Amino acid sequence: MPDSLDALNARLLRFAQARDWEQFHSPKNLAMALAGEAGELLEHFQWLTEAQSAALDDAKRREVAHEMADILNYLVRLSERLGIDLLAAADEKIAINERRYPADKVRGDARRAAEYPDD
Amino acid sequence: MPDSLDALNARLLRFAQARDWEQFHSPKNLAMALAGEAGELLEHFQWLTEAQSAALDDAKRREVAHEMADILNYLVRLSERLGIDLLAAADEKIAINERRYPADKVRGDARRAAEYPDD
Amino acid sequence: MPDSLDALNARLLRFAQARDWEQFHSPKNLAMALAGEAGELLEHFQWLTEAQSAALDDAKRREVAHEMADILNYLVRLSERLGIDLLAAADEKIAINERRYPADKVRGDARRAAEYPDD
Amino acid sequence: MPDSLDALNARLLRFAQARDWEQFHSPKNLAMALAGEAGELLEHFQWLTEAQSAALDDAKRREVAHEMADILNYLVRLSERLGIDLLAAADEKIAINERRYPADKVRGDARRAAEYPDD
(Lines give C-alpha, C1' and ligand atoms only; values in the text may rest on other atoms or scores of the structure.)
Protein backbone atom coordinates (compact mmCIF):
# COMPACT_ATOMS: atom_id res chain seq x y z
CA MET A 1 0.00 0.00 0.00
CA PRO A 2 1.32 3.50 -0.80
CA ASP A 3 2.40 5.01 2.53
CA SER A 4 2.78 8.58 1.29
CA LEU A 5 1.58 10.93 -1.45
CA ASP A 6 4.89 10.36 -3.24
CA ALA A 7 4.35 6.60 -3.31
CA LEU A 8 0.76 7.10 -4.46
CA ASN A 9 1.96 9.43 -7.20
CA ALA A 10 4.46 6.84 -8.47
CA ARG A 11 1.81 4.13 -8.52
CA LEU A 12 -0.71 6.29 -10.39
CA LEU A 13 1.89 7.28 -12.94
CA ARG A 14 2.70 3.62 -13.63
CA PHE A 15 -1.03 2.87 -13.92
CA ALA A 16 -1.46 5.61 -16.54
CA GLN A 17 1.69 4.67 -18.43
CA ALA A 18 0.79 0.97 -18.60
CA ARG A 19 -2.50 1.95 -20.29
CA ASP A 20 -1.06 4.71 -22.49
CA TRP A 21 -3.48 7.08 -20.79
CA GLU A 22 -1.03 9.91 -20.17
CA GLN A 23 -2.12 11.33 -23.52
CA PHE A 24 -5.57 12.03 -22.00
CA HIS A 25 -4.19 13.49 -18.79
CA SER A 26 -3.85 17.16 -19.69
CA PRO A 27 -4.34 19.39 -16.64
CA LYS A 28 -7.60 20.60 -18.21
CA ASN A 29 -8.94 17.06 -18.50
CA LEU A 30 -7.75 16.02 -15.05
CA ALA A 31 -9.45 19.06 -13.51
CA MET A 32 -12.69 17.98 -15.21
CA ALA A 33 -12.33 14.41 -13.99
CA LEU A 34 -11.65 15.61 -10.46
CA ALA A 35 -14.73 17.86 -10.51
CA GLY A 36 -16.81 15.00 -11.90
CA GLU A 37 -15.80 12.87 -8.92
CA ALA A 38 -16.58 15.76 -6.55
CA GLY A 39 -20.06 15.72 -8.10
CA GLU A 40 -20.40 12.01 -7.33
CA LEU A 41 -19.36 12.68 -3.75
CA LEU A 42 -22.15 15.27 -3.46
CA GLU A 43 -24.73 12.77 -4.67
CA HIS A 44 -24.12 10.60 -1.63
CA PHE A 45 -24.96 13.46 0.71
CA GLN A 46 -27.53 15.57 -1.10
CA TRP A 47 -30.68 14.16 0.50
CA LEU A 48 -29.16 13.45 3.91
CA THR A 49 -29.41 15.77 6.88
CA GLU A 50 -26.11 16.96 8.29
CA ALA A 51 -26.56 14.55 11.20
CA GLN A 52 -27.22 11.62 8.85
CA SER A 53 -24.10 12.55 6.87
CA ALA A 54 -22.05 12.01 10.03
CA ALA A 55 -23.55 8.57 10.72
CA LEU A 56 -23.12 6.59 7.51
CA ASP A 57 -23.54 2.84 7.60
CA ASP A 58 -20.54 0.74 6.57
CA ALA A 59 -21.61 0.11 2.98
CA LYS A 60 -22.26 3.79 2.30
CA ARG A 61 -19.09 4.81 4.11
CA ARG A 62 -17.08 2.54 1.83
CA GLU A 63 -18.70 4.04 -1.28
CA VAL A 64 -17.89 7.51 0.00
CA ALA A 65 -14.31 6.43 0.70
CA HIS A 66 -13.99 5.33 -2.92
CA GLU A 67 -15.28 8.65 -4.24
CA MET A 68 -12.76 10.40 -2.00
CA ALA A 69 -10.05 8.10 -3.33
CA ASP A 70 -10.98 9.07 -6.90
CA ILE A 71 -10.68 12.74 -5.99
CA LEU A 72 -7.31 12.22 -4.31
CA ASN A 73 -6.03 10.17 -7.22
CA TYR A 74 -6.92 12.83 -9.80
CA LEU A 75 -5.50 15.53 -7.53
CA VAL A 76 -2.22 13.65 -7.31
CA ARG A 77 -2.15 13.08 -11.08
CA LEU A 78 -2.78 16.80 -11.62
CA SER A 79 0.00 17.74 -9.20
CA GLU A 80 2.36 15.46 -11.11
CA ARG A 81 1.48 17.07 -14.44
CA LEU A 82 1.86 20.61 -13.11
CA GLY A 83 4.92 19.97 -10.92
CA ILE A 84 3.07 21.09 -7.79
CA ASP A 85 4.01 19.82 -4.32
CA LEU A 86 0.61 19.24 -2.72
CA LEU A 87 1.74 19.30 0.90
CA ALA A 88 3.75 22.49 0.36
CA ALA A 89 0.73 24.09 -1.35
CA ALA A 90 -1.53 23.03 1.53
CA ASP A 91 0.94 24.53 3.98
CA GLU A 92 1.03 27.82 2.07
CA LYS A 93 -2.75 28.00 1.85
CA ILE A 94 -3.23 27.32 5.56
CA ALA A 95 -0.78 30.12 6.37
CA ILE A 96 -2.83 32.47 4.16
CA ASN A 97 -6.04 31.39 5.88
CA GLU A 98 -4.49 31.93 9.31
CA ARG A 99 -3.84 35.55 8.37
CA ARG A 100 -7.22 35.97 6.65
CA TYR A 101 -9.23 34.47 9.49
CA PRO A 102 -7.61 35.35 12.83
CA ALA A 103 -9.03 32.99 15.43
CA ASP A 104 -10.13 35.76 17.79
CA LYS A 105 -12.02 37.55 15.03
CA VAL A 106 -13.93 34.72 13.36
CA ARG A 107 -14.58 32.33 16.23
CA GLY A 108 -17.83 30.47 15.62
CA ASP A 109 -18.59 32.47 12.49
CA ALA A 110 -18.51 30.77 9.11
CA ARG A 111 -19.54 33.56 6.78
CA ARG A 112 -17.94 33.36 3.40
CA ALA A 113 -14.52 34.91 3.07
CA ALA A 114 -15.91 37.41 0.57
CA GLU A 115 -18.35 38.71 3.10
CA TYR A 116 -15.77 39.92 5.59
CA PRO A 117 -15.70 43.68 5.11
CA ASP A 118 -11.94 44.04 5.08
CA ASP A 119 -11.10 41.15 2.82
CA MET B 1 5.52 22.21 6.98
CA PRO B 2 3.31 19.10 7.27
CA ASP B 3 5.34 16.24 5.82
CA SER B 4 2.46 13.76 5.57
CA LEU B 5 -1.31 13.59 5.34
CA ASP B 6 -1.40 12.75 9.06
CA ALA B 7 0.49 15.91 9.95
CA LEU B 8 -1.72 17.94 7.63
CA ASN B 9 -4.80 16.43 9.25
CA ALA B 10 -3.60 17.40 12.73
CA ARG B 11 -2.89 20.95 11.62
CA LEU B 12 -6.27 21.38 9.95
CA LEU B 13 -8.04 20.02 13.00
CA ARG B 14 -6.27 22.56 15.23
CA PHE B 15 -7.17 25.33 12.75
CA ALA B 16 -10.86 24.40 12.92
CA GLN B 17 -10.87 23.95 16.69
CA ALA B 18 -9.19 27.32 17.33
CA ARG B 19 -12.01 28.99 15.37
CA ASP B 20 -14.84 26.85 16.75
CA TRP B 21 -15.56 25.83 13.15
CA GLU B 22 -15.95 22.12 13.77
CA GLN B 23 -19.67 22.80 14.25
CA PHE B 24 -19.89 23.68 10.53
CA HIS B 25 -17.84 20.71 9.38
CA SER B 26 -20.48 18.07 8.89
CA PRO B 27 -19.55 15.63 6.13
CA LYS B 28 -22.39 17.07 4.05
CA ASN B 29 -21.02 20.61 4.36
CA LEU B 30 -17.42 19.55 3.76
CA ALA B 31 -18.44 17.69 0.60
CA MET B 32 -20.10 20.90 -0.63
CA ALA B 33 -17.05 22.99 0.21
CA LEU B 34 -14.79 20.51 -1.59
CA ALA B 35 -17.01 20.56 -4.69
CA GLY B 36 -17.08 24.36 -4.59
CA GLU B 37 -13.29 24.40 -4.71
CA ALA B 38 -13.32 21.88 -7.56
CA GLY B 39 -15.52 24.39 -9.39
CA GLU B 40 -12.94 27.12 -8.82
CA LEU B 41 -10.24 24.82 -10.18
CA LEU B 42 -12.30 24.34 -13.35
CA GLU B 43 -12.59 28.08 -13.85
CA HIS B 44 -8.83 28.36 -14.29
CA PHE B 45 -8.88 25.90 -17.17
CA GLN B 46 -12.23 26.36 -18.90
CA TRP B 47 -11.12 28.65 -21.72
CA LEU B 48 -7.64 27.19 -22.13
CA THR B 49 -6.74 24.59 -24.69
CA GLU B 50 -5.34 21.34 -23.32
CA ALA B 51 -1.87 22.46 -24.43
CA GLN B 52 -2.23 25.82 -22.68
CA SER B 53 -3.37 24.03 -19.53
CA ALA B 54 -0.02 22.22 -19.48
CA ALA B 55 2.01 25.43 -19.85
CA LEU B 56 0.77 27.76 -17.12
CA ASP B 57 2.83 30.80 -16.21
CA ASP B 58 4.11 31.03 -12.64
CA ALA B 59 1.35 33.31 -11.33
CA LYS B 60 -1.42 31.12 -12.70
CA ARG B 61 0.34 27.96 -11.56
CA ARG B 62 0.45 29.31 -8.02
CA GLU B 63 -3.27 30.14 -8.10
CA VAL B 64 -4.01 26.63 -9.33
CA ALA B 65 -1.80 25.20 -6.58
CA HIS B 66 -3.87 27.06 -4.01
CA GLU B 67 -7.15 25.73 -5.41
CA MET B 68 -5.66 22.23 -5.26
CA ALA B 69 -4.60 22.89 -1.67
CA ASP B 70 -8.18 23.89 -0.80
CA ILE B 71 -9.43 20.63 -2.29
CA LEU B 72 -6.85 18.56 -0.42
CA ASN B 73 -7.58 20.37 2.83
CA TYR B 74 -11.33 19.73 2.63
CA LEU B 75 -10.67 16.14 1.59
CA VAL B 76 -8.48 15.62 4.65
CA ARG B 77 -11.06 17.30 6.92
CA LEU B 78 -13.75 15.02 5.49
CA SER B 79 -11.60 11.93 6.01
CA GLU B 80 -11.10 12.96 9.64
CA ARG B 81 -14.83 13.36 10.20
CA LEU B 82 -15.68 10.02 8.59
CA GLY B 83 -12.74 8.06 9.99
CA ILE B 84 -11.49 7.19 6.50
CA ASP B 85 -7.83 6.45 5.77
CA LEU B 86 -7.26 8.27 2.48
CA LEU B 87 -4.16 6.37 1.38
CA ALA B 88 -5.79 3.02 2.15
CA ALA B 89 -8.90 4.08 0.21
CA ALA B 90 -6.75 5.19 -2.74
CA ASP B 91 -4.97 1.85 -2.65
CA GLU B 92 -8.28 -0.05 -2.67
CA LYS B 93 -9.65 2.02 -5.52
CA ILE B 94 -6.56 1.56 -7.67
CA ALA B 95 -6.79 -2.21 -7.15
CA ILE B 96 -10.42 -2.08 -8.33
CA ASN B 97 -9.41 -0.04 -11.38
CA GLU B 98 -6.61 -2.46 -12.22
CA ARG B 99 -9.20 -5.24 -12.43
CA ARG B 100 -11.75 -3.07 -14.24
CA TYR B 101 -9.29 -1.76 -16.83
CA PRO B 102 -6.74 -4.45 -17.67
CA ALA B 103 -3.83 -2.75 -19.38
CA ASP B 104 -3.88 -5.03 -22.42
CA LYS B 105 -7.57 -4.37 -23.01
CA VAL B 106 -7.84 -0.62 -22.62
CA ARG B 107 -4.47 0.61 -23.86
CA GLY B 108 -4.84 4.03 -25.42
CA ASP B 109 -8.61 4.02 -24.97
CA ALA B 110 -10.23 6.38 -22.51
CA ARG B 111 -13.89 5.64 -23.01
CA ARG B 112 -15.94 5.99 -19.87
CA ALA B 113 -16.07 2.97 -17.61
CA ALA B 114 -19.80 2.64 -18.21
CA GLU B 115 -19.26 2.22 -21.90
CA TYR B 116 -17.22 -0.95 -21.65
CA PRO B 117 -19.65 -3.69 -22.60
CA ASP B 118 -18.81 -6.08 -19.78
CA ASP B 119 -18.71 -3.63 -16.93
CA MET C 1 -36.30 41.08 -21.35
CA PRO C 2 -36.18 37.63 -22.95
CA ASP C 3 -39.60 36.07 -22.38
CA SER C 4 -38.64 32.52 -23.34
CA LEU C 5 -35.64 30.22 -23.60
CA ASP C 6 -35.62 30.86 -27.36
CA ALA C 7 -35.33 34.60 -26.88
CA LEU C 8 -32.63 34.07 -24.25
CA ASN C 9 -30.75 31.80 -26.63
CA ALA C 10 -30.83 34.43 -29.39
CA ARG C 11 -29.57 37.11 -27.04
CA LEU C 12 -26.72 34.96 -25.72
CA LEU C 13 -25.69 34.04 -29.23
CA ARG C 14 -25.49 37.72 -30.22
CA PHE C 15 -23.48 38.43 -27.05
CA ALA C 16 -20.94 35.73 -27.93
CA GLN C 17 -20.76 36.73 -31.60
CA ALA C 18 -20.21 40.41 -30.83
CA ARG C 19 -17.18 39.42 -28.75
CA ASP C 20 -15.90 36.71 -31.08
CA TRP C 21 -16.25 34.31 -28.19
CA GLU C 22 -17.92 31.47 -30.09
CA GLN C 23 -14.42 30.10 -30.73
CA PHE C 24 -14.14 29.35 -26.99
CA HIS C 25 -17.61 27.85 -26.71
CA SER C 26 -16.94 24.21 -27.47
CA PRO C 27 -19.37 21.91 -25.65
CA LYS C 28 -16.46 20.71 -23.52
CA ASN C 29 -15.59 24.24 -22.42
CA LEU C 30 -19.21 25.24 -21.83
CA ALA C 31 -19.76 22.15 -19.66
CA MET C 32 -16.74 23.22 -17.59
CA ALA C 33 -18.01 26.80 -17.28
CA LEU C 34 -21.44 25.54 -16.22
CA ALA C 35 -19.92 23.26 -13.57
CA GLY C 36 -17.75 26.12 -12.34
CA GLU C 37 -20.87 28.22 -11.80
CA ALA C 38 -22.56 25.30 -10.03
CA GLY C 39 -19.57 25.32 -7.69
CA GLU C 40 -20.11 29.03 -6.98
CA LEU C 41 -23.75 28.30 -6.23
CA LEU C 42 -22.68 25.69 -3.67
CA GLU C 43 -20.42 28.17 -1.92
CA HIS C 44 -23.42 30.31 -1.00
CA PHE C 45 -25.06 27.42 0.80
CA GLN C 46 -22.23 25.31 2.19
CA TRP C 47 -22.19 26.68 5.74
CA LEU C 48 -25.92 27.35 6.00
CA THR C 49 -28.40 25.00 7.58
CA GLU C 50 -31.19 23.81 5.31
CA ALA C 51 -33.56 26.18 7.13
CA GLN C 52 -31.20 29.13 6.63
CA SER C 53 -30.90 28.25 2.95
CA ALA C 54 -34.68 28.77 2.62
CA ALA C 55 -34.60 32.17 4.33
CA LEU C 56 -31.99 34.20 2.46
CA ASP C 57 -31.91 37.95 2.92
CA ASP C 58 -32.42 40.10 -0.17
CA ALA C 59 -28.73 40.75 -0.91
CA LYS C 60 -27.81 37.08 -0.71
CA ARG C 61 -30.89 36.07 -2.68
CA ARG C 62 -29.83 38.39 -5.48
CA GLU C 63 -26.32 36.93 -5.53
CA VAL C 64 -27.80 33.44 -5.69
CA ALA C 65 -30.12 34.55 -8.50
CA HIS C 66 -27.08 35.69 -10.48
CA GLU C 67 -25.28 32.38 -10.01
CA MET C 68 -28.42 30.62 -11.21
CA ALA C 69 -28.54 32.97 -14.19
CA ASP C 70 -24.94 32.04 -15.05
CA ILE C 71 -25.86 28.36 -14.95
CA LEU C 72 -28.94 28.90 -17.13
CA ASN C 73 -26.97 30.98 -19.59
CA TYR C 74 -24.26 28.36 -20.05
CA LEU C 75 -26.91 25.64 -20.27
CA VAL C 76 -28.67 27.55 -23.05
CA ARG C 77 -25.37 28.17 -24.87
CA LEU C 78 -24.56 24.45 -24.63
CA SER C 79 -28.00 23.50 -25.95
CA GLU C 80 -27.44 25.83 -28.90
CA ARG C 81 -24.08 24.27 -29.71
CA LEU C 82 -25.40 20.72 -29.48
CA GLY C 83 -28.77 21.36 -31.13
CA ILE C 84 -30.66 20.17 -28.06
CA ASP C 85 -34.17 21.39 -27.21
CA LEU C 86 -33.98 21.93 -23.47
CA LEU C 87 -37.71 21.82 -22.77
CA ALA C 88 -38.14 18.65 -24.83
CA ALA C 89 -35.21 17.05 -23.01
CA ALA C 90 -36.69 18.06 -19.64
CA ASP C 91 -40.00 16.54 -20.69
CA GLU C 92 -38.33 13.28 -21.72
CA LYS C 93 -36.36 13.07 -18.49
CA ILE C 94 -39.41 13.69 -16.31
CA ALA C 95 -41.26 10.91 -18.13
CA ILE C 96 -38.33 8.58 -17.40
CA ASN C 97 -38.37 9.59 -13.74
CA GLU C 98 -42.11 9.03 -13.51
CA ARG C 99 -41.56 5.42 -14.58
CA ARG C 100 -38.47 4.98 -12.40
CA TYR C 101 -40.03 6.44 -9.27
CA PRO C 102 -43.73 5.54 -9.16
CA ALA C 103 -45.37 7.85 -6.63
CA ASP C 104 -46.92 5.03 -4.61
CA LYS C 105 -43.57 3.27 -4.27
CA VAL C 106 -41.23 6.09 -3.32
CA ARG C 107 -43.47 8.44 -1.36
CA GLY C 108 -41.43 10.28 1.26
CA ASP C 109 -38.30 8.31 0.42
CA ALA C 110 -35.38 10.07 -1.22
CA ARG C 111 -32.81 7.32 -1.43
CA ARG C 112 -30.59 7.59 -4.44
CA ALA C 113 -31.88 6.05 -7.63
CA ALA C 114 -29.00 3.58 -7.60
CA GLU C 115 -30.10 2.21 -4.30
CA TYR C 116 -33.49 1.01 -5.44
CA PRO C 117 -33.07 -2.74 -5.78
CA ASP C 118 -34.75 -3.10 -9.15
CA ASP C 119 -33.19 -0.16 -10.90
CA MET D 1 -44.82 18.86 -23.29
CA PRO D 2 -44.09 21.93 -21.17
CA ASP D 3 -43.77 24.87 -23.59
CA SER D 4 -42.23 27.31 -21.13
CA LEU D 5 -40.23 27.44 -17.90
CA ASP D 6 -43.49 28.22 -16.08
CA ALA D 7 -45.14 25.08 -17.38
CA LEU D 8 -42.03 23.05 -16.54
CA ASN D 9 -42.02 24.51 -13.04
CA ALA D 10 -45.66 23.52 -12.48
CA ARG D 11 -44.99 19.98 -13.69
CA LEU D 12 -41.92 19.54 -11.48
CA LEU D 13 -43.80 20.85 -8.48
CA ARG D 14 -46.57 18.29 -9.02
CA PHE D 15 -43.95 15.55 -9.43
CA ALA D 16 -42.37 16.45 -6.07
CA GLN D 17 -45.69 16.84 -4.29
CA ALA D 18 -47.02 13.49 -5.53
CA ARG D 19 -43.95 11.81 -3.97
CA ASP D 20 -43.87 13.92 -0.80
CA TRP D 21 -40.37 14.96 -1.84
CA GLU D 22 -40.74 18.68 -1.15
CA GLN D 23 -39.40 17.96 2.35
CA PHE D 24 -36.01 17.10 0.79
CA HIS D 25 -35.99 20.11 -1.53
CA SER D 26 -34.34 22.73 0.62
CA PRO D 27 -32.35 25.22 -1.47
CA LYS D 28 -29.17 23.78 0.04
CA ASN D 29 -30.06 20.26 -1.07
CA LEU D 30 -31.23 21.34 -4.52
CA ALA D 31 -27.98 23.23 -5.07
CA MET D 32 -26.09 20.03 -4.23
CA ALA D 33 -28.24 17.96 -6.56
CA LEU D 34 -27.72 20.48 -9.37
CA ALA D 35 -23.95 20.45 -8.86
CA GLY D 36 -23.98 16.65 -8.80
CA GLU D 37 -25.65 16.65 -12.22
CA ALA D 38 -23.15 19.22 -13.49
CA GLY D 39 -20.47 16.72 -12.45
CA GLU D 40 -22.17 14.00 -14.50
CA LEU D 41 -22.25 16.35 -17.47
CA LEU D 42 -18.50 16.84 -17.15
CA GLU D 43 -17.89 13.11 -17.19
CA HIS D 44 -19.25 12.88 -20.71
CA PHE D 45 -16.71 15.40 -21.98
CA GLN D 46 -13.62 14.92 -19.84
CA TRP D 47 -11.63 12.68 -22.18
CA LEU D 48 -12.91 14.18 -25.42
CA THR D 49 -11.10 16.83 -27.40
CA GLU D 50 -13.01 20.06 -27.93
CA ALA D 51 -13.64 19.00 -31.52
CA GLN D 52 -14.99 15.61 -30.44
CA SER D 53 -17.25 17.34 -27.92
CA ALA D 54 -18.88 19.18 -30.83
CA ALA D 55 -19.48 16.01 -32.84
CA LEU D 56 -21.29 13.62 -30.51
CA ASP D 57 -23.02 10.59 -31.94
CA ASP D 58 -26.76 10.29 -31.39
CA ALA D 59 -26.62 7.98 -28.37
CA LYS D 60 -24.13 10.16 -26.55
CA ARG D 61 -25.97 13.32 -27.51
CA ARG D 62 -29.14 11.92 -25.96
CA GLU D 63 -27.33 11.07 -22.73
CA VAL D 64 -25.91 14.57 -22.60
CA ALA D 65 -29.40 16.00 -23.25
CA HIS D 66 -30.67 14.07 -20.23
CA GLU D 67 -27.92 15.40 -17.98
CA MET D 68 -28.77 18.90 -19.17
CA ALA D 69 -32.43 18.20 -18.43
CA ASP D 70 -31.52 17.17 -14.88
CA ILE D 71 -29.63 20.42 -14.42
CA LEU D 72 -32.52 22.49 -15.79
CA ASN D 73 -35.02 20.63 -13.65
CA TYR D 74 -33.10 21.24 -10.42
CA LEU D 75 -32.52 24.86 -11.44
CA VAL D 76 -36.26 25.34 -11.92
CA ARG D 77 -37.04 23.63 -8.61
CA LEU D 78 -34.52 25.89 -6.88
CA SER D 79 -36.02 29.00 -8.49
CA GLU D 80 -39.44 27.91 -7.25
CA ARG D 81 -38.20 27.46 -3.69
CA LEU D 82 -36.40 30.82 -3.65
CA GLY D 83 -39.03 32.79 -5.56
CA ILE D 84 -36.55 33.71 -8.29
CA ASP D 85 -37.62 34.50 -11.86
CA LEU D 86 -34.98 32.73 -13.92
CA LEU D 87 -35.47 34.68 -17.14
CA ALA D 88 -35.42 38.01 -15.29
CA ALA D 89 -32.24 36.94 -13.48
CA ALA D 90 -30.64 35.89 -16.78
CA ASP D 91 -31.58 39.26 -18.26
CA GLU D 92 -30.04 41.12 -15.32
CA LYS D 93 -26.85 39.08 -15.48
CA ILE D 94 -26.42 39.61 -19.21
CA ALA D 95 -26.79 43.35 -18.72
CA ILE D 96 -24.06 43.21 -16.07
CA ASN D 97 -21.82 41.23 -18.41
CA GLU D 98 -22.41 43.70 -21.24
CA ARG D 99 -21.04 46.46 -19.04
CA ARG D 100 -18.22 44.31 -17.68
CA TYR D 101 -17.06 43.03 -21.07
CA PRO D 102 -17.55 45.76 -23.67
CA ALA D 103 -17.39 44.10 -27.07
CA ASP D 104 -14.70 46.41 -28.42
CA LYS D 105 -12.44 45.74 -25.44
CA VAL D 106 -12.63 41.97 -25.09
CA ARG D 107 -13.12 40.81 -28.67
CA GLY D 108 -11.52 37.40 -29.13
CA ASP D 109 -10.14 37.36 -25.61
CA ALA D 110 -11.52 34.95 -23.06
CA ARG D 111 -9.37 35.66 -20.05
CA ARG D 112 -11.20 35.23 -16.80
CA ALA D 113 -13.17 38.20 -15.55
CA ALA D 114 -10.94 38.41 -12.50
CA GLU D 115 -7.91 38.92 -14.68
CA TYR D 116 -9.08 42.14 -16.32
CA PRO D 117 -7.08 44.81 -14.55
CA ASP D 118 -9.95 47.18 -13.91
CA ASP D 119 -12.55 44.71 -12.77
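Quick notes on this structure:
In this document, chain identifiers A, B, C and D correspond to the written order of the chains, with residue numbering beginning at 1 in each.
By our rule, a contact is a pair of C-beta atoms (placed from the backbone, for glycine too) under 8 Å apart; a residue touches a chain by one contact, two chains touch by 3 or more.
Chain by chain, the UniProt names read as follows: A, B, C, D = Nucleotide pyrophosphohydrolase.
Keep in mind that this is a model prediction, so the values were computed, not measured.
Counted by C-beta pairs in contact, the busier of A-D and A-C is A-D.
Two copies of one chain, subunit C and subunit D, touch each other, and the residues they use overlap strongly: the shared fraction of interface numbers exceeds half. Separation between the centroids of subunit A and subunit C, computed from CA atoms only, is 24 Å. Mean C-alpha positions place subunit C and subunit D at a centre distance of 2 Å.
Residue numbers of subunit D whose C-beta contacts span two or more other chains: 24, 28-29, 31-32, 35, 38-39, 42-45, 47, 49-50, 110.
Of all the residues in subunit D, the ones that touch subunit A in their complex are 24, 29, 32-33, 35-40, 42-43, 45-47. Looking at the complex, you find that subunit B touches subunit D at residues 28, 31-32, 35, 39, 43-44, 47, 49-50, 110-112.
Across the interface of their complex, subunit B is touched by residues 1-5, 8, 11-12, 15, 18-21, 23-24, 26-29, 31-32, 34-35, 38-39, 41-42, 44-45, 48-51, 53-54, 56, 61, 64-66, 68-73, 75, 78-79, 81-82, 84, 86-94, 96-98, 101, 103, 106-108, 110 of subunit A.
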